[in-house]
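Have a look at the structure below, then the notes.
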Amino acid sequence: MSSLTPLSQLLEAVFFAASRPLTVEELGALDPDASGADVRTAIDQLREHYDFDGHAVEVVELAGGWQVLTRASFAAAVERSQAAQRQPRLSAATLESLATIAYRQPVGRAEIEEIRGVNSGGVLRTLQERGLIEVVGRSEGLGRPLLYGTTPLFLELLGLNDLADLPRAEELTIALQPHQVAPDATDDGAYASVEEG
Amino acid sequence: METLQVAVEVEPAVDRAFVVDLDGFTGPLDLLLHLVREEQIDIANIQVSRIADQFLRAIHSLGLNQAADYLEMAGRLIRLKAQTLLPRRFDDDTWEDPRAELVRRLLEYQQVKEIAVRLGRMAERRALRYARGFLPPPAAAPPPLPIVLDLADMLIAVERVISGIPDPVLHRVVARPLDVESATARIVLLLADRDEFDWREALGNHPTLVDVLSTLLAILELAKRGSIRVLQDIPFGNLVIAREFADPAVATA
Amino acid sequence: MSSLTPLSQLLEAVFFAASRPLTVEELGALDPDASGADVRTAIDQLREHYDFDGHAVEVVELAGGWQVLTRASFAAAVERSQAAQRQPRLSAATLESLATIAYRQPVGRAEIEEIRGVNSGGVLRTLQERGLIEVVGRSEGLGRPLLYGTTPLFLELLGLNDLADLPRAEELTIALQPHQVAPDATDDGAYASVEEG
């Protein structure tokens, strides 16, 4: 493998100085002569170099940008070294609220509570403080309640590039349309089509 | 689908707090799913009344703070139970089995749980990869921060703020139409004349429902004050209003 | 240059994730079979690899330990990328708070939050640090909260001579009236209109 090109070197330096994904625009601003295509080519070169030489880090596309991360196979080593803190696990309540917001956004607190059947004020505040959700507007409904949506940090935390990478409804065991219509009223008690988990 | 198993153990209220196996437990729908499963009830034959009773029993053991989160679900279940118990006419086409809503909600929630489990796994996988730990200290900021601010941006912000202001909520307060004072006055007037009389005489001519209610309240108030006695011979019989003598000596005179 | 050895890979992962220099003892703990000499050899291999392939990072001996840092020659690029990440434009939330203060001044934090429906503490601090707003007094109300107003810099940045030059509320699509009340005057007088905050 040959040496790195000047632009891949620049990118490597900046990736090593950042702990969040950087967009192609941000990376392009490093060199006024570099086009978006140049940046993409340099990213590919860096990635191939890391793969080819067996580096413990890799270039990952994440939350709409690019970031260098350690490979998953070195997780145990990093943990053993105690040189870095592992991300705390998200609680079930947090994940359920996040799931509801991610799929229904923009969505109000009442709808989240309706789906989870439990008061969600505390969870929403925590999610907002952690920067995983944000207020994206207000509903037109009574009292004009706040509407929530997920942030890029949410994608980062899940290792997703885009909201479209979330598991799709068809992949789920129970296929359910959002805001499903009432089942046929004439067909009393016949919920045969319902799949039990 | 082992991922959706909910391990909930509702233990007797040893420790006034709601004791559940917290692994994966987050809310009333979890509890409901658990009850549905524990009963081994086919989801097509949910006995809402049994589930509702168990749910209520479970939340009885909660402290007030925890129970508050469950009240909405409890209310919903009680309403469902009432709906299933109510008789209905055969030709009522608009009737929808109230269990349908419960099934819908449970399914929707199961879906959310499944997604949550998947998101949790994704987060776990992501947590195996570490981001750069050492970051160079940020370069000293150039002294005068170039703030970009223009009027157009700010006016757009003003519009956003204005459109976000909720309309004032106006409550229409309806003057209470019950007129207990007049009804009281009528009764006192009648008592000045006679020792006892039929309560309907206090209603006045052509009484409306409101007059009846006002009079009843007036009677109750006067009875409470000890000004009158209310007599009734038989259940559902007529009410007779009698003057209450404050002094027993006067009464026997 | 050949691929990295297993031990230099381990070191690379840990160097990348660590936030401080790591000692040879700490690094040796990663692999129970590795002696101090093995660790030193692996560090040298990693350093040579970075030098040979022209990586933008290098292995540096520092404060009694070892650390991977970006090379000094890339300092300017790193600074440029950090500067690019610094938002020179005000965020939507900041602009909204600024707009509220401009039109309602002197105004307290509670009123700003009531209008915007979100916590404004951080935004107010930012605006103060940037010299766009300042404390102009204290309210007579409960707790005597601070009141904010805009600064001359605010006018300067907008190219305005005076606050009176701000577009007037009537010129905006929706009139901005403090505490707008809209009881329906044509209503039957028997009904009392009660305004709810």
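As written, the chains take the letters A, B and C, and residue 1 is the first residue of each chain.
We take it that contacts are C-beta pairs under 8 Å (C-beta built on N, C-alpha and C of every residue); 3 or more make two chains touch, one makes a residue touch a chain.
Just so you know, these numbers come straight off a predicted model, no measurement behind them.
A.B. asks: Just to be sure I understand: the centre of a chain is the mean of its C-alpha atoms, right? Then which chain's centre is nearest the mean of all of them?
C.D. replies: Centre-most chain by C-alpha means: A.
A.B. asks: Relative to chain B, which chain has the most distant C-alpha mean position?
C.D. replies: C
A.B. asks: Taking the mean of the CA coordinates per chain, how far is chain B from chain C in Å?
C.D. replies: 42
A.B. asks: If you average the Cα atoms of chain A and of chain B to get two centres, how far apart are those centres in Å?
C.D. replies: 37
A.B. asks: Averaged over CA atoms, how far is the centre of chain A from the centre of chain C? Could you give it in whole Å?
C.D. replies: Comparing mean C-alpha positions, chain C is 20 Å from chain A.
A.B. asks: Could you tell me which residues belong to chain A and also touch two or more other chains?
C.D. replies: Residues 16-18, 68, 70-71, 78, 83-84, 138 of chain A each touch two or more of the other chains.
A.B. asks: Where in chain B do residues touch two or more of the other chains?
C.D. replies: Correct list: 130-133, 135-136, 164, 167, 169.
A.B. asks: Please give the residue numbers of chain C that touch chain B in the complex, ascending.
C.D. replies: 13, 16-20, 67-70, 78-79, 82-83, 86, 88-90, 92, 95-96, 98-100, 102-103, 115-117, 130, 132, 154, 157-160, 167, 172-174, 176, 180-184, 187, 190-197
A.B. asks: Within their complex, state which residues of chain C touch chain A.
C.D. replies: Within the complex, chain C touches chain A at residues 1, 3-4, 9-10, 12-14, 16-20, 22, 26-27, 29-30, 49, 52-57, 68-71, 74, 77-78, 80-82, 84-85, 117-118.
A.B. asks: State the interface residues of chain B toward chain C in the complex, per the touch definition above.
C.D. replies: Interface residues on the chain B side: 130-136, 138-139, 141-142, 145-151, 153-165, 167-175.
A.B. asks: Okay, in this complex, where on chain B does chain A touch?
C.D. replies: Contacts found on chain B: 1, 4, 24-29, 32, 42-45, 68-70, 72-73, 93-97, 99-100, 103-105, 107-120, 122-133, 135-136, 164, 166-167, 169.
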